[in-house]
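Letters A, B, C, D and E mark the chains as written, and numbering starts fresh at 1 in each.
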Amino acid sequence: MIHHMLSTLLNKLWSGWGTLAGVFLIFALWQIGFEAFGSLVLPAPMEALGRLIDLVALPSGFEYILITAKRAFAGFLLASAFGISFGLIAGWSNTLSLLCKPFITVALGVPPIAWIVLALLWFGGDDGTPIFTVFISTLPLIFAGALQGVRMREKELDEMAKSFHVPLIQRFWQVQAPQIVSYLFPAWATALGLSWKVVVMAELLSSTRGIGAGLAEARVNIDTASTMAWIVIVVGLLLVIEGMLLNPVKDYVEGWKHAE
Amino acid sequence: MPNETAPLLSVVPNTSVDPKPSALSVTVKDHRYHPLQQTLAPCTLELAKGEVVSIIGPSGCGKSTFLRIAAGLIEASEGKISNASKRAAILFQEHRLLPWKSLLNNISFGLQGQKLTKFQRMKKAREVAYAMGFSEDDLIKYPSELSGGMRQRGALARALAVEPDLLFLDEPFSALDIGRRRDLYRQVLHEVDQKQCSVLMVTHDVTEALALSDRVLIMAPDPGHFAKEYEVPLPRSERTRQNLMDLEAGLLADDRIASLFNMSNWEKLV
Amino acid sequence: AAPSLSLYGPPVGPSVVLSYIANKGLLSEYTSKVDFSVYKSPDVLRAGFVSGDWKLAGTPSYVAANLSNKGLPVKMLNIMTWGMLYVLSYDGSVKSPADLAGEKIGMFFRNDMPDLVFGRVMQQNGLTEGKDYTLHYVSTPFEALQLLLSGRIKHCVLPEPAATAGMVKGKKLGKKIHRSIDLANEWASVTSGKGRFPMAGMMVHEDLLNVQPELIEGFHKACIEGTQWVKANPKEAAAVAAENIKLPAPVIAKSVPHTHLTAERAKDIQVELEQFYSILAEKNPSIIGGKLPSADFYL
Amino acid sequence: MIHHMLSTLLNKLWSGWGTLAGVFLIFALWQIGFEAFGSLVLPAPMEALGRLIDLVALPSGFEYILITAKRAFAGFLLASAFGISFGLIAGWSNTLSLLCKPFITVALGVPPIAWIVLALLWFGGDDGTPIFTVFISTLPLIFAGALQGVRMREKELDEMAKSFHVPLIQRFWQVQAPQIVSYLFPAWATALGLSWKVVVMAELLSSTRGIGAGLAEARVNIDTASTMAWIVIVVGLLLVIEGMLLNPVKDYVEGWKHAE
Amino acid sequence: MPNETAPLLSVVPNTSVDPKPSALSVTVKDHRYHPLQQTLAPCTLELAKGEVVSIIGPSGCGKSTFLRIAAGLIEASEGKISNASKRAAILFQEHRLLPWKSLLNNISFGLQGQKLTKFQRMKKAREVAYAMGFSEDDLIKYPSELSGGMRQRGALARALAVEPDLLFLDEPFSALDIGRRRDLYRQVLHEVDQKQCSVLMVTHDVTEALALSDRVLIMAPDPGHFAKEYEVPLPRSERTRQNLMDLEAGLLADDRIASLFNMSNWEKLV
């Protein structure tokens, strides 16, 4: 037991180191880019980091981050709810799957620029539009993951559970869900990352507050340091979310597969 | 060969001899997985309450298919089943434990069909697990960490835990050693004797079939049909290893059975 | 003659002149071939100049100042328009900024130059954003126009040629839209000077300046000539420009009179430019890169 | 055999009908939207379809479609090549996975707007920028799918193949690939759809030709009918690609799972 | 119990008796899946060329683990293996057929380790498949469409197809009927006799072990160790069913073995 916990801890540390190494590598490449292109294309990493501290120190900077995070999560949660539900339904019923597919294709293929006006009309210029954009952009991903999970499940295990008259709900949670999750999870994690990017783009187009608005302002001012500072914030938060939220969830849901 | 669907020996249902209430009655007229390939020819089975019936037959003849139809897992292309049992349980040929659940949770899994608290389920599962010879250490293992025989015992424990009144067993003891096997024979028979549980069992071990069953059905392939029905002449309590050897020898002395199993000159084992 | 010259401009009014210069061969004295292409976003402009491929482009005046302050070797050659921002409104009674009190106005891109100009004009009329009027921000003039035409907002600030396009479209749809306020006129109240502001002009890369100074002088002369011709013959000019700008020629033609085309050397109006920059920087200093450009920025 | 082929054919037909029903439903919703918002927000479907025919009839219209398709496929194929390679490598080696992760997070989290200038510098204003944008946007998806496929494979089957000294390449293609594909496929299909959307957005910002440029033109002219016509083209092509390319591929790679 | 690692009977390696070259020598000092749970105590095995050795023992005692170590699939926590074979093949307890390949392709799969054309591989696989009693119809079926016994035969066919000189078999016949089983016994023994193939087999069927092996190793659990080595006294050709019964009775008459299998009063089967 102790040995086991120790090795888990070492694993965690090692994984932390690996990620850090990757991050440092990225900063090194950035520095090289800065030296090659000059600060009008890529500002010096240190300058951007300095700017980052300034931005976050401002009350408005911190508020922007919170607003964006709220929108990203709201859109993502909505998309998860609908995407998983529809994915499950489409997986279970072939007919409904055929009916759902074109909607997903529309969500997948229509560029956000085309949604923006509709979204502005429906939801106004505040939170609604970015949330809707995130929703519509991440929905197809989550849908596809859930659908595949349902389709690729072992039918034999369903049969077994049915033979024991295990109630439908338990059958879903204990027999199907663990299999679905192994397909859904990577899609879901990618969608979470994507939602950050999308919310920023939507804010850039439609909003007066949030990281996207900050980025839009930096762009108007051709302020590459601020631009990169905002981007570092987005990517940094994403890395934190991955490390703090996704990895533990992943370890939990996939534990049985990687038990050595 | 596909035309040889007539039973080798005529099968006379012996309802007059055994007036016990019926637990299960299966009538398969035809079963095909592929439209052009008949897997089962007409087969009927009446299983009385508290009766143990075994099906033996060469590999791939359709035993598991018949069992799956009888258990209602798949539907025969043409046929009818009437099942009078309240609580049936199935042991699958390929264990079908849930890989993401520990052994104990796998055993208690089937109990969710019943109105029991979680605590009661766990208690029950633990009891059955101990009776199957599992140790405390084994209970927290995942199926991938179990030996072949342990998986099979786990699947059997899951089936027995629900206290079924009708048990379908598809080669339940095939991965077990002689000692464990005898323990489990006794446990299954205990269920039969105490709770009037009916058992339909598929096995390839003739001795095992003779030891446990009231009746043995012998299935022949291409397409699957019952070639012979054999009522074991001794009461279970009087069956000894030697007895059973003799019965087996008698059964295989029938030329058609011997040729079904390709057992000419069967005294030679290798 | 020397190698070919590429001109770049955004799809707006002054580019009509550039397109005329390129097509009529006004620079054949200096260079064999001149082409003109439209760019879609400031990012493209920035990339073009940073990479050194682009030497001469039309751009909002503040962008040139900003880039110069960021260390890009560019200079402002001239100013090609004295402001082309308008308030369009359904309400015929809106004649001056004061009439917009209590209204919601469509605006594209926050803290960009048009926003700052409009805000300053309103401020001059004693109106504060959020208190006396509200702005509905969208990302581009075309979304603002779409909202206006579909009736979601009643007033909106638009540049040329979007404003003209809006008028034309509105007419086609049978909607009565008025060109209510010319922000260039209103600028007089801000500066107590003329009713104009140096909105956009030509930005030159120093490399080109060093290699072919005579080309730059010739180009400016062509600008003067072109501007006069375009003003005099909007229809023909529009026909030429429609190729590049991808707008219907009639719309371009109609927008010419509202574009306040000009061709003033930056050096000549250095004071006016500096004043404009200072006013923009009041609310958003970063827009010009934090400081006024040095004197040799104005060619 | 004949019975089997017949039932396959019926299935195909039925699936065609289902998809058509979905498409008609979308058009019905669109019509409702048109009636509710007016043609300035949503043009009448018939008007947009009429415009579509005009657009495609123009030589430039057809050329735009070809250009965009070329860019989308180029970016998508690049992303597939890199995403699958890195995903496989990261799945096989934990250390490399740790190193790769931050790069994928960067690709996932950095909004395209921030790449545009870099892309323009690196690849110029022509095909390079949209292709790069597609590449960087779809890479994380494909990577995640491949990674999960490798991680969730049955180690027992690898062991079996190794015990027979089956050469590495066959082992990969015959043992690992079929398992990986079941995870990769939905991600890959989604990425293909996404690449259309992304290429259009990139063209909108940086290009003078292609569907995105057509869309920009339509926007400038407040020509909602043309806007929707372009979008119908994008979505329609996506539906066709799905029906013609993805579904058969899917049927092929997953045949063994759904053999009834 | 964990301390009872000493063999019940001393095992004397009989290299002097059999001067044949060694095919495999395994020395396990210790094996643990979990650091605190010893699965195998010290176990050694010398397998001579052309020799057949069986391991029997109660379920979960560590037979498969020992086989996996001997086959080099997993490494013992402490131990050493030297394998002189050119071509080893393994039959896994859980068949491990590739679900996305037809039976024929599964059988030919293992041949890819050899320099054969695709045509030769298919031909070889087909030959072996027919020898295992498969019909043409079966060859195109996917594993999910096969019966339990067919899967097992498929896995055995895959192993035999490579013409191994060292064969590891983990309960190779457990899902097969008596007739098929005898056919396969003969096929495996044919390989042994003709090609001097060495076999290490795990089984729970004592009769089977006695029928096929030169030596039988009996493994006891907690932790797994060889409790007894039993050399089958009769040459294979002289072994008959009756002979083997007697040998089995003799083996189980040893109290320690009987208690290992929990076989007190072993004449009673149920």
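Note that a contact is a pair of C-beta atoms (placed from the backbone, for glycine too) under 8 Å apart; a residue touches a chain by one contact, two chains touch by 3 or more.
A quick map from chain label to UniProt name: A, D = NitT/TauT family transport system permease protein; B, E = NitT/TauT family transport system ATP-binding protein.
Predicted, not measured: the structure shown is a model, and the values here were computed from it.
J.: Which neighbours do subunit A and subunit C have in common?
T.: D
J.: What is the touch distance from subunit D to subunit E, in steps?
T.: 1
J.: Check A-B against C-D and say which one is joined by more contacting C-beta pairs.
T.: Comparing A-B with C-D, the pair joined by more C-beta contacts is C-D.
J.: Could you grab the centroid distance between subunit A and subunit D? Build each centroid from C-alpha atoms only and quote it in angstrom.
T.: Chain centroid spacing, subunit A to subunit D, equals 18 Å.
J.: Between subunit C and subunit D, what distance separates the C-alpha centroids? Give it in angstrom.
T.: Going by mean C-alpha positions, subunit C sits 39 Å from subunit D.
J.: When the centre of a chain is set as the mean of its C-alpha atoms, what distance in Å lies between subunit B and subunit C?
T.: 87
J.: Two or more other chains in contact with one residue: find those residues in subunit C.
T.: 43, 46-47, 50, 146, 150
J.: Which residues belonging to subunit E are in contact with no fewer than two other chains?
T.: In subunit E, residues 94, 145 touch at least two other chains, as defined above.
J.: Tell me, which residues of subunit A touch at least two other chains?
T.: Residue numbers touching two or more other chains: 37, 41, 117, 121, 204, 219, 257.
J.: Applying the document's contact rule, which stretches of subunit D touch subunit A when the two form their complex?
T.: 14-15, 17-19, 21-23, 25-26, 33, 37, 41-42, 95, 97-103, 105-106, 108-114, 117-118, 121, 140-141, 144-145, 147-148, 151-152, 182-183, 185-187, 189-190, 193-194, 196-197, 200-201, 204, 212, 215, 219, 227-228, 231, 234-235, 238-239, 242, 254, 257-258
J.: Within their complex, state which residues of subunit E touch subunit D.
T.: Residues 71, 73, 87-90, 92, 94, 96, 98-101, 109-110, 112-113, 142, 144-145, 158, 162 of subunit E touch subunit D in their complex.
J.: Which subunit D residues qualify as touching subunit C in the complex?
T.: So the residues of subunit D touching subunit C come out as 37-38, 40-41, 113, 116-117, 120-121, 125, 204-208, 216-217, 219-222, 224.
J.: With touch defined as at the start, can you tell me which subunit A residues reach subunit B in the complex?
T.: 156-157, 159-161, 163-167, 170, 174-175, 178, 255-257, 259
J.: Show which residues of subunit B lie in contact with subunit E when the two form their complex.
T.: 33, 37, 56-60, 63-65, 93-94, 133, 137-138, 145-150, 153, 170-171, 174-180, 182-183, 185-186, 189, 204-207, 211-212, 236, 239-242, 244-245, 260-263, 266-270
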